[in-house]
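Two complexes are shown next, each including chain A; its partner changes from chain B in the first to chain C in the second.
Here is the complex of A and B:
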């Protein structure tokens, strides 16, 4: 388990010394070895607890649980595909020491946040995962990246500081671990819960606190977008899951409101996605809708809801980086990401459109792809505990299907005959590995969810 | 005393070293020699103070430095040792002498057990600093810096004299001691002393001298102004708070809370969008001082000590790295682009690490210090800790704004190089910022030994 942190740590130290042509192989090797570790070495129940700053209540307490194991595996996988998507000298997929350094720092932070069993250590991981993205967005990407980076930093700073205030309020009352036996007074629970809600609403994000997300994704480079949407966005909902254990009364009382808020986010995200003219923006807004599913499931506070939420996170963590990678490739092929410029893409690059179809089907919730089991689980749980949300989920699904059908219709059809001259086999291009590394698990999780659930020791879907 | 034979030796050595430093000016030596002698002398003092710093019983009414209590003295000495590295060759040997005098003043001030001795210490420190600012002034901005620093410094010297007069008059003795019964004159006197110390720290509402003085002085002088008087004043405030001297001032916690929050906010707003590095750092330093004062409002000595140490390390790193990167200039953000690709990459790394430390990025000592500082006031009203936390969030804006140019792509401009000393100091302090952020023992030890 410690190796998961030590390997990227060592990589960060030796990175400045590496010669330029070793950068990508080393980065890929680091991500691959962490993925293998996460897949084969972790076992739920492992834990480490070392005193670090005992006066502060900050201890180096790590543990693998049923819920963070899938996320750690996802973390390695998404980092690997982001690493494969980097390319030297390209503004949209940069391969420079600075970018790789900050991406790896974010990776280390995300791993720390996922593994943490200590409140302050989770905050440390959260900050490490969030702050590097300011530099990544500011550094490479579109023309308005400066504004996007400051949007990101502004929202994230508020979210991070609210989290810090909440964590410190608990820590000074000796609640330092997520599984500690200290019970929190009811009044304090509500205060902390409200502070935390601000964090989760911004970082998950929930409508209407999502404003930074389309900005950031619209301007960020492809690997940064892939990693941010794939894993870094999951740190907040995972935190919600963790903190619910120590604030049971507040969570219970807030549950109906929050479930409805999740439903509204789902519908709002779908509608916003439908309204976009830009492929990358469409993906970004669809992410908000998926986070709506996660929030509905988490707010209910049942084991089945938590599992469904983690499944949606995994599914979304596979589908959205894939779509961001596709959006980056589409821009290279078509010279534009506008939906109106998509017709004819299939003639130019059939393999890319095949990837696009798989990912779009996943977003539409087609059975057999990774988002389906989770979304189905959410609907089942919502049906049992909070049927009112179904009125929001139903239209949300329809709108989402319409959004992606529209994208597929344009990408697969149209175009002129002269476009059809495929100069080279597009499958063989550099970077396809990135797509494959996400598509195969996308199918695998979707087709055999029970196999994975067995691997994660969930004891079957409840 | 077990070691009665060697008591006082540290103090005698201190005096002797001052005399040696002054005498060396008369002997034509290579310019760097005086710096090495100074550094060697400081190391010697650091070794001597823990066991030979105490004084005969009679003198203890004036100066108090028993063997186990020399944390403050060692902190001042360590800061000065770091400063020897950044002294420029051109300024020597005069600069070495002035630094030695300032150090002597600082050591006397932090050990003072008598208000007049404290005054003497602070004034010796001040005179050394005036000398340093004036000695290096080559242009109008430098003269302006000196004048502002000198005039405001003199006003606060007058405050100190008035304060000591009031305290001595009502108390009948000049001993630094705890008051039991509040008396308006004593309260006024102590408030004046507190104001003078806060002025030395550069805290709100006495911060106005800092940005202009920082900007007008050359980098090495700025480094000294930003560290030595602050560690002396900070140690003094911490020590006097720990011994309860100021506790007679009514509503002291509230006063300190307002001062701390005001300092943070003024500094943060000033640093935001500053076009030049040194002025940004001046305001950033003001903002940082707020976090030193904040825990004192809740009587949390250890947290203030940890923050003070992290602030001094950060300042040493940023200013020495700034010296290496800027030379005689005051760089803009555009000037810093591509610094990693030049020979100056190591100071650039130090600057990035130190700014990240100031911002409180995880795995730096700055993060632990911020947590200490804010955790100390979690029992106070929510506006205090929420304010401190939100200011921390706001500071990300300017720290990351200045970290970014190092990673941006563009034309390389940086070619300056200040010499080995400044680079070495920037590396050592940046290394400590990271190591102390990960290895917690030294800071935990510090919090336990400040209050003894």
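Here is the complex of A and C:
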């Protein structure tokens, strides 16, 4: 388990010494070895606890649980595909030492946050996962990167402060671990819960605290966007899951409100996605909708709800980086990300359009693709515990379908028969590795969710 | 064998569609046709062989279990044979229809995968399994209807088909969730203990998928797809899945108050409205699409009247003659290079017209010696005793005769010159189907129909004749159901989207304004803290003045 953190740590140390043409292979190798480690070495129940700063209650307490194992696998996989998407010399796929350094730092932070069993350590991981993206956007972003980076930093800083305040008010009551036996006084529970709610609302994000997200994605480079939406976005909902254990009364009380809020986020996110004229923004706003599903499921606080939430996170963690990668490729092929420039794309790059169709169908919630099992689980638990949210989920599904049909109606159609025949050359297009590394698991999770659930020890298959 | 029948078409079709760039199109098309024949054989063996059941868990979250269950049975067996048969014929037809097309292989692969999804729904033994097939069918229809990618009509029709059926899918999804929540993971459990909400949700789902009621217009636009795909969609998959589902869940529907009446109203109104619409259409395929909606309405009506076996008889009869008519209309419009009825004058030879087309036309009208006649008479039989139902049947016979006559009229005329030959691939399926339509007169799979004296059939025959005469004389085209509701839905979505975007933008501006205010305040501080002595003096004096005034005040 420690190796999962040590490998990127070593990579960060030797990165400045690497010659330029080794950068990508080394980055890919690091990501790949970490993915292998995550897949084959992690075992649920494993844990480490070393005192670091006992007076502050900061322990180096790490553990693998049923819920963070899938997320750690996802983490390695998304990093690998982001690493494969980096290209030298291309405006939107930077390959500089700095970018790789900060992306790896974020990766380390995300792993730390996922593994952490200690409140303060989670905070450290959270900040490590969040702040590098400010630099990534500020450094490699597009034209409006200054404004976007400001938005990101502004929102994240507020979220981070709230989180720190919440963690510290728990720590002074000697609640330092997520699984400690200290019970928190009811009054404090509510205060802490409200502080945390602000953090999660911003970082998950919940509508209307999502303003930084489209900004950031609009300007960020392809690998940064892929990683940010694929995994870094999951740190907050995972934190919500962890903190709910130590704040049971407050969580229970807030559950109906929060479920409705998740539903509103879902619907608002879908509608915002429908309103975009830009492919990458469409993807970014769709993520908000998926996070709405996660929030509905988590707010209910049932085991089935938690599992459904993790499943949605996994599905979304596969589909959204895939779409960000596609958006990056589309911009390369077509020279623009605007939806109105998409018609006829299938003639230029049929392979890419196939990827796009698969990912779009995943977002539409078609069975057999990775988002369906989770979303179905969310609908199940919502039906049982909070049927009112279905009034928001149902239209949300429709709007999401409309959003992606709108994209497909452009990318898959158009052009003229007289145009030059589809170029056969592009069938063996270069650089599909990144897409395949996400599409294959997308299908695999979608077709055989039970198999994965078995691997994660959630019960199920015997 | 069950495994083979369901998953071969799904997997092979999907792989074929994905790898079509690597395999030569013609070869792929032949492979797909061969597999279709194998699937047809397989489904026959499944239907005749011992009963089988396959069961595995798709997903288990805590205590919620979501199993995929497939099982053979009498009704699924017949339906599978029907589906596989129409699919095979459509594949054979495509060999001729798309002989010149570079994407023939892709088309036939998607067609096969589409059939596989229907088979999944057919053999599914619980709502979830059927839902999966239902959704795959949605994707398949999207790809098939949107086959002609350069045409705007195809693009619009495909998106619309997907969007409208998606509305039904949401309701289906809710029905699945509700049944899973209560642990009802088999059709029998749902039928015995299912709640009313499942029945109602299924009715909405079927109305969307089978183009009933306000959803009718997607099927009309879906005519932008290629003819073999239309034949398959209309005859034995997709839209036929709706009545099939209702038949399977008939016990549930019948013990939920209000549902059967709703089905009568929904089916009856759709049948009449679509029949009238068919009389006014100018294109052969559009007329046939209207007629499909009308006939599906009759099936729904029969279920609503409490006789699923009549609906089934009509479903089988309809599958044969509708596929036949599509194939013949395809040949005619292939020769005419147009789908307009007026252009299709005299495009069929005497054998094609007399032995193939007319058999199908008789079936649609409900005249002997076809299966259609028996099905329609059965519908009459079950409506006995209720005046509104009898009147409804009379109206349906009348409009059925009228629109079929509209279709027959141009094709009946003799061709002025020799006809362009069509390949044997395009004729074989029609010959087979024509035979089946006639055979269906004496042979009905699965159900035994009530015995009726033929003499009692005279009112309906009379009305069909009257309708046909009217149809021959009617020349004025009119448009009905051009899909205004879809437009309204789309506008509504756009409106909602715009208001959320406006809200979003205002929030965004608001946050930016906070930054601007902060910046302004910084400027003020900078102005004061500039280090210039005269500003300090000014500020000090101002502060002193304020202090003095404050203290002078009593």
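Here is the rule we go by: the second predicted complex is superposed on the first by the 447 of 462 C-alpha atoms of A that agree within 3 Å, B and C clash if a C-alpha of one lies under 4 Å from a C-alpha of the other, contacts with A are read in each partner's own complex, and residues count from 1 in each chain.
Just so it is clear, a residue touches a chain if its C-beta (ideal position, glycine included) is under 8 Å from a C-beta of that chain, and two chains touch if they have at least 3 such contacts.
For clarity, every value in this text was computed on a predicted model and none was experimentally measured.
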item	value
Fit-or-clash call for chain B and chain C when the two complexes are aligned on chain A	fit
Which superposed partner A:10 touches (first chain B, second chain C, both, neither)	neither
Partner chain in contact with A:440 - chain B first, chain C second, else both or neither	neither
Partner chain in contact with A:36 - chain B first, chain C second, else both or neither	neither
Chain B versus chain C as contact partner of A:367, first or second or both or neither	second
Touched partner set for A:2, first chain B, second chain C, both or neither	neither
Once both complexes are placed on the shared chain, angle at chain A toward chain B and chain C, C-alpha, multiple of 10 degrees	160
First, second, both or neither for A:274, with chain B first and chain C second	second
Contacts of A:346 with chain B and chain C, given as first, second, both or neither	second
Chain A: partner with more touched residues, chain B or chain C	C
First, second, both or neither for A:194, with chain B first and chain C second	neither
Superposition-derived minimum Cα distance between chain C and chain B (Å)	8
Common ground on chain A, meaning residues reached by chain C in one complex and by chain B in the other	150, 154
Contact footprint of chain C on chain A as seen in their complex	150-151, 154, 208, 211, 268, 271-272, 274-275, 302-304, 307-308, 311, 346, 350, 354, 361, 364, 366-368, 373, 376-377, 379-381, 383-384, 390, 394, 397-399, 401-402, 405-406, 408-409, 412-417, 421, 424, 427, 449-450, 453, 458-461
Touch list for chain A against partner chain B, complex	16, 52-58, 96-99, 102, 109, 120, 124-125, 127-128, 131, 134-135, 138-139, 150, 153-154, 157-158, 160-161, 164-165, 168-169, 171-172
Interfacial residue positions of chain B with respect to chain A in the complex	302, 340, 349, 361-363, 367-368, 371-372, 374-375, 378-379, 385-386, 389-390, 392-394, 396-397, 400, 403-404, 406-409, 440, 443-444, 447
Complex contacts: residues of chain C adjacent to chain A	18, 21-22, 56-64, 66, 102, 131-132, 135-136, 138-139, 146, 149-150, 152, 154-156, 158-159, 162-163, 166-167, 170, 173-174, 176-178, 180-181, 490, 493-494, 496-498, 500-501, 503-504, 507-508, 511, 515
